[in-house]
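Submitted below is the structure of interest, expressed as structure tokens.
We just call them A, B, C and D in the order they show up, numbering each chain from 1.
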Amino acid sequence: MKPDMTVNIAGMSLRNPVMTASGTFGYGQEFAEYVDLEKIGAFVTKGLSLKPRAGNPTPRIVETPGGMLNAIGLQNVGIDAFIAKKVPFLRTVNTPAIANFFGYTSEEYAELALRLDSIPEIAALEVNISCPNVKQGGIVFGTDPKCAFDVVAACRKSTTKPLIVKLSPNVTDVVAMAQACADAGADALSLINTLTGMAIDLQRRKPILANVTGGFSGPAIKPIALRMVWQVARAVKLPIIGIGGIMNATDALEFILAGATAVQVGTASFINPNAAEQIALDMEAWLTKNNVGSVQSLIGALEC
Amino acid sequence: MKPDMTVNIAGMSLRNPVMTASGTFGYGQEFAEYVDLEKIGAFVTKGLSLKPRAGNPTPRIVETPGGMLNAIGLQNVGIDAFIAKKVPFLRTVNTPAIANFFGYTSEEYAELALRLDSIPEIAALEVNISCPNVKQGGIVFGTDPKCAFDVVAACRKSTTKPLIVKLSPNVTDVVAMAQACADAGADALSLINTLTGMAIDLQRRKPILANVTGGFSGPAIKPIALRMVWQVARAVKLPIIGIGGIMNATDALEFILAGATAVQVGTASFINPNAAEQIALDMEAWLTKNNVGSVQSLIGALEC
Amino acid sequence: MQFKAMILSNAEVSPGYWRMRLTAPQEFAAAKPGQFVMVRVSGTIDPLLRRPFGIFDVAVHVPAQAGAVEQPCFDILYRVVGKGTAMLSALHATDLVDILGPLGRGFELGSPTEEKLIVGGGVGLAPLYLLAKELVKQSPVRLFAGGRTRDDILCITEFERLGVECYVATEDGSLGECGLVTEALVRRLDLVQGQASIFACGPHGMLNAVAGIAEKRSIPCQVSLEGYMACGVGACLGCVTPGSNHSTETPDFRCVCAEGPVFDANELGWGC
Amino acid sequence: MQFKAMILSNAEVSPGYWRMRLTAPQEFAAAKPGQFVMVRVSGTIDPLLRRPFGIFDVAVHVPAQAGAVEQPCFDILYRVVGKGTAMLSALHATDLVDILGPLGRGFELGSPTEEKLIVGGGVGLAPLYLLAKELVKQSPVRLFAGGRTRDDILCITEFERLGVECYVATEDGSLGECGLVTEALVRRLDLVQGQASIFACGPHGMLNAVAGIAEKRSIPCQVSLEGYMACGVGACLGCVTPGSNHSTETPDFRCVCAEGPVFDANELGWGC
């Protein structure tokens, strides 16, 4: 018998728990040649802002041991161009699209939430309160429980769609952050966003990234992500989307055991463009082989 | 002409900037067959406590992508056995030995500092305020500026030897921690200690480490360590010892460019027991090849 | 397209420069000059990211076994500069590597009447050979190959075999003229009085100079750029380059991987 | 000792089990039965840590070239269980690997008069062959080899060639007796009335059972343990195992790498 791969998160029913992560999958269309979007659970757009954003100068990308740093600087087309040019594609795909977004004040966040709320092609919102790349950006919201509460509460008032808050790992106490978001009305939490890192070109005596520091992602960060998902899952009563270094089905299932209801695949898509689809397939194969009837039965099933 | 490899840190003059990191080099003797201790700048002992400590149950070690987790649980022989059994060896080596130590109250820290202060074979003290492995342990000191200030101030009163404070990376604001330690009288800062991570055995549905979480080290963490060293070096006027994922001379020189006066080599010694010696040699070769007269001229020489 | 390619050969063609031939599926035969591939150097996480390389040539592989069917194959020409390329150079015939490609926008061949001037700096020659192969079918083609020293001058015989006239310049004078290859280019342009179009690939400084030369004479000029890449398909926005209208207020970044790597020189913001 | 070894051969000896022969420096010839090596599987960070393997055999390699000098070599016998061992099995003769060893404390050969009973579970046989080679020089030796299924029964011919009498048991009865190998061990002990000593290596459960059998009869028993290792030299304290006096108040942890991997069974805290 085929195992039941469906999960429910924040009121959405997904065919399987595998999503693609914001910023690593464009607006859905870029990878369409390589991935059957209807074989994954959902996909998340590049982070959106009210106005279009240029992002940082280059180099924006550097490989590090087992991972990479990016300092894209939240380049995006802005909400208007998104609606005009990207949303029509979403209509053609029978898979929930989640809009990731960010702002510079609670008001901006709220305004974006309101605009996204009115787009029927968007299944849910993911608030990025944690981008470490932009100097004036999200950093302050994502590292202080009070600020996080305010911004999430503002978004909550502006949308009735499922509201997912994406947490920053660059904090002393991720559970306190998670709790603040829960208190402010989040429907689900996704974690982790990138850690802040740096790389240096010895010969040129310069930082490699034009922006000096960047967001650290990839397999290297998995142990930190897994730990944070486990900590938050035990402490906060919200569904969790686990993110961080997921490269294969084993990684994904580990996050689910740690307490995640679903997962997002980021950097892995760069290495294998069909990573998300393959992971969903391999998870199902693992469940079949191990006689597990449903992926839901594995959520938080870690025995400590 | 041979480049000048000497550095001065916290009043110590070192023949070169390469030390071995606490917990990765035993009490100095374990690697003696593989490393010429008189070719490295200094070595740091396993963390010491007042009483001997059993540490955690096994498994204590697990490999992760590009890194490893350890949950040794600060097993150590205790200060009395250290003096009786380990100090005599230190006498035979013409290289500064730095004693790493920890306690559970400021008073315990102070008492250890006092006892270590009286050992002539110990060149300097390194206070571990950041071990993430022990549940009742250092965590609280290393993640709160006020606690860190108190414990460092207590140690400062108990010793006239150079006092190095080792910072935890598991914090929102490492600069605030560094500043608190500087204010409390630290002579130097070493960073980073391990990040807190977790690994899961999918098939057994259990954490791999008996302790569930462990300290994350190795090349994977280098981008985070480099970023923190750079942040602290720009903000705080104390010499810094850079630690985290240093595997070769290039890595070590990157930390020095970022602002470190010296470096510590940890996990790398497990992979190449003579890593520290080799790194010191290769650094010298790099300086020669690139016509750099002294390693001191590279400290903080990053052009941003 | 994503596929597992078998290495057919891998040999050093000049000190530090290697040429690798790999098998490819049928559809790969349609690869355009200027397109590139993303190579997964090993199956492990070290190195983690794919490495981009221009397509040097596309050919047909005839296996030695009796009865075996012909199969497309392609070549990359690469310089060993770091970990990934060092590991590539250690691979052997019969080893498998994972390939993504052909990717990106290639060269437009342009009108057959103009003379075609190809300018390559060092390993920048890589995507220009397949281009030359196409161009010689319809127009006279000249190659201007530059490098720091003679070891950086690659595969000239291959171009000559196509009937391409080749000019060589090295900065240290160890092969061909001493100086920059743009000098010979300017001389040729003066001679043909601008009845030509330019195709260039190489270091950014050289491309900038070539673009300037072309602009002054209002000559069509296409350049192939590099950029640090993660995805290769326009999803990560890592590889962007400023377009001609770029400013912080009116961002105009182009993806090198998806909108390039070949651009019309006047599409780009050279000052940024 | 740390050295670069050249792989002389690497072959699957039973489904999932491989035997690799490597060159070694002269001093390696002094390796003791029960010692182990730490192998760096690749030069990259994937995998990062060295992998520990028992020394299966030490021999002399006579190169095929005329005039080449003899050189010590050694074998490891390994089971493919994860990434590191899978990568090991993909290496070829002439590839180089970095070796640390011989490491740790080996077996004490004991008094020549007693019969020597060697108990190996699956790949636990690995460090016992070199031991048997030494023991047969002075005493009668019997091997008790157990496994889940017949594929887990390794290298019996090699032991028989030494003159060792072999008993085989598999849990599924697919080779030898059906059941646990400890049953045959107990029968033999009953027969010789305890005039024997035991040397065991294998899964922890098996070692625990063997230690219990030995203790009941007050027979000397040495066991070789495994443990997750980082350094292999007693520096990281990752590989410890509780000693017989261990409790939280009176910690008595032993390093498997430096104080073992061979321990007297009664040195250890089996209950912990």
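We adopt the following convention: a contact is a pair of C-beta atoms (placed from the backbone, for glycine too) under 8 Å apart; a residue touches a chain by one contact, two chains touch by 3 or more.
Chain by chain, the UniProt names read as follows: A, B = Dihydroorotate dehydrogenase; C, D = Dihydroorotate dehydrogenase B (NAD(+)), electron transfer subunit.
All of these numbers come straight from a predicted model, not from anything done at the bench.
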item: Remotest chain, chain C as reference, centres from CA atoms; value: D
item: Between B-D and A-D, the pair joined by more C-beta contacts; value: B-D
item: Interchain centroid distance [CA atoms averaged], chain A/chain B, Å; value: 34
item: Separation of mean Cα positions, chain C and chain B [Å, integer]; value: 47
item: Cα-centroid distance, chain B relative to chain D, in whole angstrom; value: 36
item: Chain B, residues touching no fewer than two other chains; value: 65-67, 218-220, 247
item: Multi-chain contact sites of chain C, meaning residues that touch two or more partners; value: 45-46
item: Graph class of chain-chain contacts, one of line, ring, star, complete, other; value: complete
item: Complex contacts: residues of chain B adjacent to chain C; value: 65-66
item: Interface residues, chain A side, partner chain B - complex; value: 64-67, 69, 143, 170-173, 195-200, 202-203, 205-207, 212-213, 216, 218-224, 226-227, 230, 245, 247, 250, 253-254, 257-258, 290, 301-304
item: Chain C-touching residues of chain A, taken from the complex the two chains share; value: 23-26, 30-31, 33-34, 46, 52-55, 57-63, 65-68, 70, 72, 75, 218-219, 247, 267, 269-274
item: For the chain D and chain B complex, residues of the former touching the latter; value: 2, 40, 45-50, 98, 100, 227-241, 246, 248, 251, 253, 258, 272
item: Residues of chain C that touch chain B when the two form their complex; value: 45-46
